[in-house]
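Next come two complexes built around chain A: one with chain B, the other with chain C.
Now for the complex of A and B:
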């Protein structure tokens, strides 16, 4: 027990940390960042540099200029792969942004007691690791096996060859990607919404904002940067689509092409045709597209500006 | 290539294990060290080799065998070539076109040339006609065939008798039965049209020249040839009336839907284990239900019948093998010796081994009539004009023609589609494409 109980306790004024403490913190900071930088260098920057080197050379290391880019660009599989991924991205990004925001806003506007339950429920499909959840979807899609065959019969789909027709694929992959990936984003958006101070919400309510106005005019603008962040990352993952078409290709005995997406084409070139330089060129194409879109979004949304 | 063929081969029944003592004694004196890569279906053969050759230190590595054209053989070789070491001495590949793929310059002559002294001509001449065609790269033999995968007519004998049909000998008779079945027994089928290898089952049998490698740099691709269009016209009514449905015959759902609704199937020899016999097969049919009949002829029963083939595994030897003689003798033992081939899951390409193998199969009396007469006839009837090529002819059919068939297009209309795809693939691989021989 404190002997000073009952006496006014002197308020301890906050002191700036001593030199030793500051240096310690700095060291800890460097340590954390250093680990990240080391891994980034090893598994991000060096492979990217190597891909750049490969894409500009011929087998054996001779300078090739842009030949690898031109050759792969003229390959008969190149344009279809990029078309596929463009349609898929369009479908997926729209579905992702609309549904994630809708569900996150619903969750945030919901009854406080039920929020953790629904947050968990929405997150759950995403907790299943990537390829395992795609396997689950293979069963869901195959009409003779699917528990949802009555839904598929509404669309006159009675066999897997009909389900995985080329026109359906962007939607099929978007549905799979949404259920395997959106849960995490709903939780992130929910976290972002929770950061909005109660005072802001209360003042809006006092000013007469209804639930829609609150969501669209107050909450959404405040989490805009999180949405941009989601779109940048989702665009990058979307352009690199690989597991979904590969597994569906196996399950459909090849009805979905082995080079449906650019990433699959790069893999096929590297590992079946031993054309590492061509594969690297396609990887660099993807990198450039992703960087351009990310840069556009970052500058347009003033992503790194601190208010 | 051989999409799904590998898968099916894995499902096949494993035959007995009689060991011929003469072969054992002759070969077990060799010694040295070998690394052999095999898929799980061929593992018993490699294990038997190791057991039979105690002086040879065998390092067995199991891999997927390159199943369904996933390129695992090529990917590993390409990486070993980059680092300059690590190659295995012998590889079993499930993909009948792997040697053609490995012939591309970037693989740096990985496969050993066998017909320049490594394997004796006395061995090679015992192979079935055309069995070594997938191994030939411009006159050089670069692999040994393990098993053959010719197509035959599979018939549900009791059902055929019950409905009063006689077993067809020509494509036209088969078509007539198909149309009759659609009319009188709707829901029953006389074959399927939803597989990646249908270009081989139907177009190869019709001698349709869409994937004919006339030399090592030229593809003959003429989808408008009368040989192609005649098969399209024959199949169109059957696809339309659903007696030839667009379903995958190797999907787990095929048996569930069609085990009791199939009158006939046209397909490879390995359907025996993949579709009909045993608990791992699609149908798991009762004994005495199915029988194999010879490939269908065109027009008249007396016309020369040609058929397609779907896969068949290859033994490939590395040109980097430290002891080429030992590796060649081991590979010859695996591919041709009776003890090894008795364990094969498909009809051996090596004729003396095939006789023993098929006798073993027939000893079980599972099929309504012995397989031997049909198989020994069909093995020589594979049309050589549908080549194993560096590109995946099955994958291209599956990805481009099959979706259209599934959405209601006619078979005829897809022959041009596959023609264009094969032409694109050949040009992309550096081949020239011609439409007339």
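Now for the complex of A and C:
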């Protein structure tokens, strides 16, 4: 751009430079976001709208009002699927919050030069997200194979079918989700803790706070918003459970039902029963939950600034 | 305009120096004086090693499993190493499964992930720039929608997408996963943060005064500075696409079209590896299944190993705007 100094400045004579430029920039703005907006419409807005349309109509397109929602709501598989998810979410969120905070605080108050090492190892299983992690844990939970068989024998579990009983599944899935996801959250919490200023911690220490008080009265309140963020995201993701119950159902040869979670039920309705309207109604139920949670975080928490 | 602002901007990490300090974990001194009682330190190590064992032991088990036969898996110690010879045999077995189907799945995974990644980069980088540094009607609305969709789990859209693809008869086509993979609001948000926090508006204004068109400003000035965020968005898109199970699971009918994560499920369903009685003579048993899992996770594992720092920065950037 130094080169331009010696060159004649382009002279605009035809239109007022300010307005012309601003209009040009606006047009350019639309062009820049054009492709993304097209993708957003085609693979975000349109499928949502179409699912909503299907959920309010009958096969053939006749208006159905809320009939699809009522019918799926009265389906004998509907409530159990949502109950499963509710129990899973309860277990998973409690485990997540308690253990992630515990490990993040341990890391933060620990032997400093080892922190990157431990943090990396805790984070590594995230690479196995999805079906790989479920398979690994099917191995891990199969008593004859498991390095944890001593733990399983404490609960009198001696075979895989005993481990994956329907009542156990919320716990099994919480373990899998924790194994793959906790490391990432520990990294985030650790980052938030490192962001607390030295002065705050030092002055608390000078005032005589011990490590315990430091963690609970100083550090935790300062990273509270991150905990809220984690819980909201984990909640939204948790409602979507699909790959875990699907694989466990396949591996247990039908002992675990194919509609354990709401997403599975919707999938089953669409694929096996060709009930697209019912499937759409359930996916709209789930979408509404996720949309509300996401909107809450974006517009109410001040977590994101939209200037 | 000298090179100094450019140099400064490229040297900056994606989310600013504070995040870099947080990431490196060296932001502050932990203990004044460092006199730590040996008892406390030992207790700390015991807890940390126990916790780490929970995360790492399954990974080590997975690496060892293919070195053993199915029989050895059950009757030898879970963490005992088998033999290299068995490892090779296990590989041969899984490699031969249904005419090298594992390779087909690998190629499919690569095609879907990279195709989706390319589209995501193409759309996200320019859109992030447009949202950060240009003005247009609806900009704030678009930003808000992007944030909401970014927070929503991608799986919430899978069944609606399936219904849509069914309507337009794209089910079973590679496009049915590549196109949705290209819609990557998190990438747009990362680019938006990068462009709005690291590229000085004056730099762009100066270029405009010099007569550069809007596209020139983006292409010649902003984009070369954005290399770190392009790499970051690429990494995140790749990991998300590669590990995605639900979307390809609903879109494809034929196992020849599956990507690896869905292929793993197919292996479980078609080989009775978890049903030792029925599967006693199947060529694919648990060691082969473990081997296939290793193949499926290897690329993401490598990304994690070599790009750990960048990924961590991105995770922090996902929630902070500095």
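Note that the second predicted complex is superposed on the first by the 244 of 307 C-alpha atoms of A that agree within 3 Å, B and C clash if a C-alpha of one lies under 4 Å from a C-alpha of the other, contacts with A are read in each partner's own complex, and residues count from 1 in each chain.
Just so it is clear, a contact is a pair of C-beta atoms (placed from the backbone, for glycine too) under 8 Å apart; a residue touches a chain by one contact, two chains touch by 3 or more.
These numbers were taken from a predicted model, which means no experiment stands behind them.
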First (chain B), second (chain C), both or neither touched by A:304: second
Of chain C and chain B, partner touching more chain A residues: C
Partner chain(s) touched by A:155 [first = chain B, second = chain C, both, neither]: neither
First, second, both or neither for A:37, with chain B first and chain C second: second
Touching partner for A:136 - first (chain B), second (chain C), both, neither: second
Which of chain B and chain C A:216 touches, first, second, both or neither: neither
First (chain B), second (chain C), both or neither touched by A:187: second
Chain B versus chain C as contact partner of A:25, first or second or both or neither: second
Chain B versus chain C as contact partner of A:253, first or second or both or neither: both
Touched partner set for A:119, first chain B, second chain C, both or neither: second
Contacts on chain A seen with chain B and repeated with chain C across the two complexes: 142, 144-145, 160, 250, 252-253, 270-271, 276
Residues of chain C defined as touching chain A within the complex: 1-2, 18-19, 21-30, 32, 36, 41, 44-45, 47-48, 51-52, 54-59, 61-62, 65, 73-74, 78-79, 119, 122-124, 126-127, 129-131, 134-137, 139-140, 142-153, 155-164, 166-167, 179-180, 182-183, 185, 188, 206-211, 214-215, 218, 239, 243-246, 249-250, 261-262, 264-265, 268-269, 274-275, 286, 289-290, 293, 296-297, 300-301, 303-304, 308, 312, 315-316, 319, 321
Residues on chain A engaged by chain C in the complex (per definition of touch): 1-2, 4, 9-10, 21-22, 24-26, 28-33, 35-37, 39-40, 42-44, 46-48, 50-51, 54, 103, 106-112, 114-116, 118-132, 135-140, 142, 144-149, 160, 179, 182-184, 187-188, 190-192, 194-195, 198, 201-202, 205, 226, 229, 232-233, 236-237, 239-240, 242-243, 246-247, 250-253, 263, 266-267, 270-271, 276, 279-280, 282-283, 286-287, 290-291, 293-295, 297-299, 303-306
For the chain B and chain A complex, residues of the former touching the latter: 3-4, 68-72, 74-75, 77-78, 81-82, 101, 104, 106-107, 194-196, 246-248, 250-253, 256-257, 392, 394-395, 398-400, 402-403, 405-407, 424-425, 427-428
In the complex, chain A residues that touch chain B: 59, 75-77, 142, 144-145, 159-162, 164-166, 250, 252-258, 268, 270-276
